[in-house]
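These are the structures in question, set out in turn.
Two complexes come next, and they have one chain in common, chain A, joined by chain B in the first and chain C in the second.
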Partner chain A sequence: MSLTTAHSVVVPSTTSKRIAAVLIIAYALISIVPLLWIFATSFKTPPDSIAYPPKILFQPSTEGYCNLFTTRTRQTAEYIASLPPATSFCDEVTRKRNMVIAGPSNFLPRFVNSLIIAFGSTFCAVFLGTLAAYGFSRFKVPLADDLLFFILSTRMMPPIAVAIPIYLMYRELGLSDSALGMILLYTAVNVSLAVWLLKGFIDEIPREYEEAAMIDGYTRLQAFWKVVLPQATTGIAATAIFCLIFAWNEYAFAALLTSGTAQTAPPFIPTIIGEGGQDWPAVAAGTTVFLVPILVFTILLRKQLLRGITFGAVRK
Partner chain B sequence: MAEIRVENLRKEFSGFTAVQNSTFTVDDGEFFVMLGPSGCGKTTTLRMIAGLELPTSGRILLGSEDVTMKRARERDIAFVFQLFALYPHMNVRKNIGFPLLAQGMPRAEIRKQVEEVARLLRIDHILDRPVSGLAGGDRQRVALGRAIVRRPLCFLMDEPLGTLDAEFRDLMVHELRELHNRIGATTVYVTHDQLEAMSMADKIAVMNHGIIEQFGSPREIYDRPRSMYVADFMGSPPMNFLPFHGGLARGASTVSVNGAEIAVPQIREDIAPSALALGARPEHIRLDDASGLRGEVLGAEYLGTTQIVVVRTGDGLIRARVPASDHVRTGETVGLTFSGAYLSLFDTASGRAIETALYEGAPHG
Partner chain C sequence: MTDSKTSPLDRAVEAVARSTHSKLVKRVTGLSDRMVAWLFIGPTMLLLLAINIFPLFWAIGLSFTNYRANRPNEPVEGVGLRNYERILTDPDIWIAMQTTANFVFWTILLQTVIGFGLAYLIDRKFRGHAFWTTIILVPMMLSPAVVGNFWRFLYEPQIGLFAYAVSFVSGIPPTEIEMLSNVALAPWSIIIVDTWMWSPYVMLICLAGLRSIPDYIYEAAEVDRASPIRQFLSITLPMALPFIMLAILFRGIENFKMFDMVNLLTGGGPGSTTEVASITLKREAFEKWRTGYSSAFAIILFVAVFGLANIYVKALNRVKQR
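Up next is the complex of A and B:
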């Protein structure tokens, strides 16, 4: 065998690269079609959204977004005719359906609740997780292995399995339907993931860096802050994304424990359906807006996310 | 600058003793090397001096101050790590200035001092580069710069040349020694490489299994090894040992090794018959056809000016360093003779060197 025809054992051949590309593209298409469909629906009019056969090409309309952010009341044609001319697009489409805008909907406050609860709990989980992971990684913690296993064991059942005790407990403690309660709950669920992920990342940072800093005249806390944390940013970012995705998308606890002031977007969005018929464009618009923050966050941190998934496998 | 005194230092980790009752003094301005194989306790000793580990018992004095239980940052020392531990998220300038920042020095002053040190180490042209792209030698210089910039009482170095390639190593050995001569700071240097130790040290401590086997100048350690371990560890190829059984009498100048009478430095103690060994460095063995100690040549390693000839004798394999001009053929039988004044005798059971005239005048380790 001559060397020129021998193929490398580590570099994939062109054929296998092509097969991989086809598979990835196929998978990406399958995953993205529902999202694209939701996005398209959010710009349809209600009749277009339920048309059969489904419309691929349609006249885009922001009616769904108007309906998402407003509440409307049905009025008589005479009353609508007596009103001054419509000042905005939303007024116009609403009147066409024999309705007038009565005020803003609850979507915006629910969305803000989601932001506060998801980012708040992510911050808490990552903060506590980083400190715990550093402790487990660097100090001789009595029963460290058992403690780590205990932390992991909290993930061994679906969190919703403890829904009823938590529901009763929250009612007693007055945490039901409060942002604080939801932040505490999501932090508790996420902190185990954060400890385990971050411990892996911090284990990879050689102790010599902190030792060097401590010899250079810093306390351990200063060394942690100035030397360990900057090197753990990749791991912290990856962990933060995982925590955020969980807290942002969580439905079951949110539906159970929040109903009013602290309700998050996931349990709110389905309730849109009930207002004035099956308003699919409004539901789709709500879903689209709901997807934006996580999309932005993931795109901003995608490199870290990739390293988070492959962590441990690749050394710098 | 200060002397370092280590008294009865001991460190136990769960289940095993890393360092056993070490006592030594490093004089002010001395370049002291702790030498030994991995796991011998040299790095643990260094880390205890640095304050990165606390001793189980014993005392450490820096200058006149007892620092045994003080934190690393409260001891005025600098440490150069094996892998340098340059902070990857800072550039060269910030790395070198980092210890000064901890002291709360004004920025302008830090800048001035960092540049001064960079000039001394000839790295002033890379000050604003990130440390990740630096070559091994430059990383080493940055690590040294970070150590020097604080003007500490002493420098501690943990195999700082271990990761460099051979060419750079020679260069850095030279640079390190030159730097030491210029700033004269007390230095404790840990290595497993005897050549590094021999070429840099004022004093060497050879360690094995947590025990300091011998403490002395490179010359003492090489020429007058106090134990079989030291004799074997130092030198390449190491010392030859000819095992024999017999007793020794004070005042004798020859020993009988398996029937052959061999001249040795005058013996200074009486030894009851026991298992002993005669130690001879390869360079103290000559080819001599008249000698009674004969053996078959197994091979010769040509080194340019000398060659190492391996001979199989009745006493085992013997390596002799002979001039490259000697003609030796594999398979032929040659005679070997020793330079009697340089031979050592050991008690095989304890590994201890037997007192002879060789050790006279030499301070005890």
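Up next is the complex of A and C:
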């Protein structure tokens, strides 16, 4: 009997496995090419980056990164010759192009804004979301289903539609172009997702744990803090990653509501231009620096991520 | 023993401290579950009220006026339903809606086919499938704006990698592959990037669906000698359908709202061939500053998504019950 069931559909045949493997690997390799190209371009010199045919092998250079972090001005050859010898690699490269470094660019402050706004809003969204999810999970809240649907429906609004009244409101409150305003906005957008995801995770934790703790003399809050939260850490981590990815990647609100001091990296990177159009190595360098944190997150926490995505889908 | 060392004053202080402490404890324990519930849910509701609901009502109010945000000192007049009337009879708006529908249709079709195909293949569980799944997932984690912006470079007619690769395969000279400036190709330039980014998302949801099908059903089918094609059509596809429909719902809503990639890749051009609803809305609201008019358009869009999504969810539930 064991011989006849050995060839079951549940265990796919070797041939079908091989075909599947070839197709999947081919797709994965093709889909990763644009990212590899971004990475490669960031180490090209501007002439190399716009060569035809596109250069696959090239002499790596950090000129793109130099251009990303600095602003430069064109100078006469005599002026450059009169300067003391270049102190750094970036100095040298810039002078070869008949330019001198004028100062740091806006990239670093924009990147720091991204960090502050993304982490700040993620913390707030997960904090509020955990509380609300526990509330919805454990108590009979009047109209709970309607409230939950309402929370979710706020995500259906096109960001531009939300941005119009938010723009006016922030102008009245003096929150325009401020990190606080962006943190509040991203928290509001993320909290809906956080409540939904976390409610699923908390629903899975047996009530009996808290009830036992409360019989032992814990208050409701203590039981929540000492019994439920430690059990929910995986779920909280997964939710936090989702919120972080959203806030880190967000463009529409950032482009419309910030312009200067609170501008994040996504609206800034497309505006990096050199002489005569977009400075592609610098854009690629900025993109690489911007993508690395998310890539690291994705690879380190892929298990939680997978669970979060599929879980969020299965629940609704 | 300790009593002998402490003064009566100390003891009194301690007693007071103990009593206030126990009072506090009592107050905290005394929180009824109902109060705890509101304490937990309240802050989230307040935030959503302040940042989502209040602005929504503000926008509804503005949609009946001729308010312009760049001229705050001008008198504001109520115009009744005129904004709505003008939007619904404006041919440009309808063209933008058609462009959006076209974009949503093609992205969903491609993403569903590719996503489900990938999930089906990954479900063969070949060696190393977990690693390759992670690689496939990478594009969807990245910022559509930042990566979309870089696709402009890949699409450059001569120097771009995309044009080069296409000409390498097809033999068309690379200077003629003008993805972003050719009227016929521009919509596809966006569809391609969106499909590249989001097929993995559809794949994940489909994979959850495929994994939810219990093995014994296939075993039974095997006993009945159902052919693999028959098994696929009468077990795999119908049982994964609710998941596929869910993926379509999420992608549909997202792509209806699509702004960042279009704004950076084509900005709505050439002409207005890729001007989806969000781009029109942005032009009206933040370039022409017709705040009242654009608020009305925003409300119409919201009602449209909300209505369509509700009808769709009803259909989805019917499929689930089957």
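Just so it is clear, the second predicted complex is superposed on the first by the 288 of 316 C-alpha atoms of A that agree within 3 Å, B and C clash if a C-alpha of one lies under 4 Å from a C-alpha of the other, contacts with A are read in each partner's own complex, and residues count from 1 in each chain.
In the analysis below, a contact is a pair of C-beta atoms (placed from the backbone, for glycine too) under 8 Å apart; a residue touches a chain by one contact, two chains touch by 3 or more.
On a predicted model such as this, the values are computed, not experimentally measured, just so you know.
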Room on chain A for both chain B and chain C (clash or fit): fit
Chain B versus chain C as contact partner of A:Asn249, first or second or both or neither: second
Partner chain in contact with A:Val292 - chain B first, chain C second, else both or neither: neither
Which superposed partner A:Leu300 touches (first chain B, second chain C, both, neither): neither
Touched partner set for A:Thr219, first chain B, second chain C, both or neither: both
Partner chain(s) touched by A:Pro267 [first = chain B, second = chain C, both, neither]: second
Dominant contact partner of chain A by residue count, chain C or chain B: C
Contacts of A:Glu208 with chain B and chain C, given as first, second, both or neither: first
Which of chain B and chain C A:Ala102 touches, first, second, both or neither: neither
Vertex chain A; arms to chain B and chain C (CA centroids, nearest 10 degrees): 70
Minimum Cα separation, chain C to chain B, after superposition on A (Å): 8
Interface residues of chain A shared between complexes with chain B and chain C: 219
Contact footprint of chain A on chain B as seen in their complex: 50-52, 71-73, 77-79, 81-83, 85, 87-89, 98-99, 102-103, 146, 150
In the complex, chain C residues that touch chain A: 25, 28-29, 31, 33-34, 36-41, 43-45, 47-48, 50-52, 54-56, 58-59, 62, 69, 118, 121-122, 124-129, 132, 134-139, 141-147, 149-154, 158-161, 164, 174, 196, 200-201, 204-205, 207-208, 212, 215, 218-219, 221-222, 228, 231, 243, 246-247, 250, 253, 256-257, 259-260, 263-264, 277-278, 281-282, 285-286, 291, 294-295, 298-299, 301-302, 305-306, 309
Chain B partner contacts - residues on chain A that touch it in the complex: 206, 208-209, 211-219, 222, 227, 230-231
Chain C-facing residues of chain A, complex: 5, 8-10, 12, 16-18, 20-21, 23-25, 27-28, 31-35, 37-38, 41, 49-54, 128-129, 131-132, 134-136, 138-139, 141, 147, 150-151, 153-169, 171, 184-185, 187-188, 191-192, 195, 219-221, 245, 248-252, 255-256, 265-267, 269-270, 278, 280, 283-284, 287, 290-291, 294-295, 297-299, 302, 305-306, 309-310, 313-314, 316
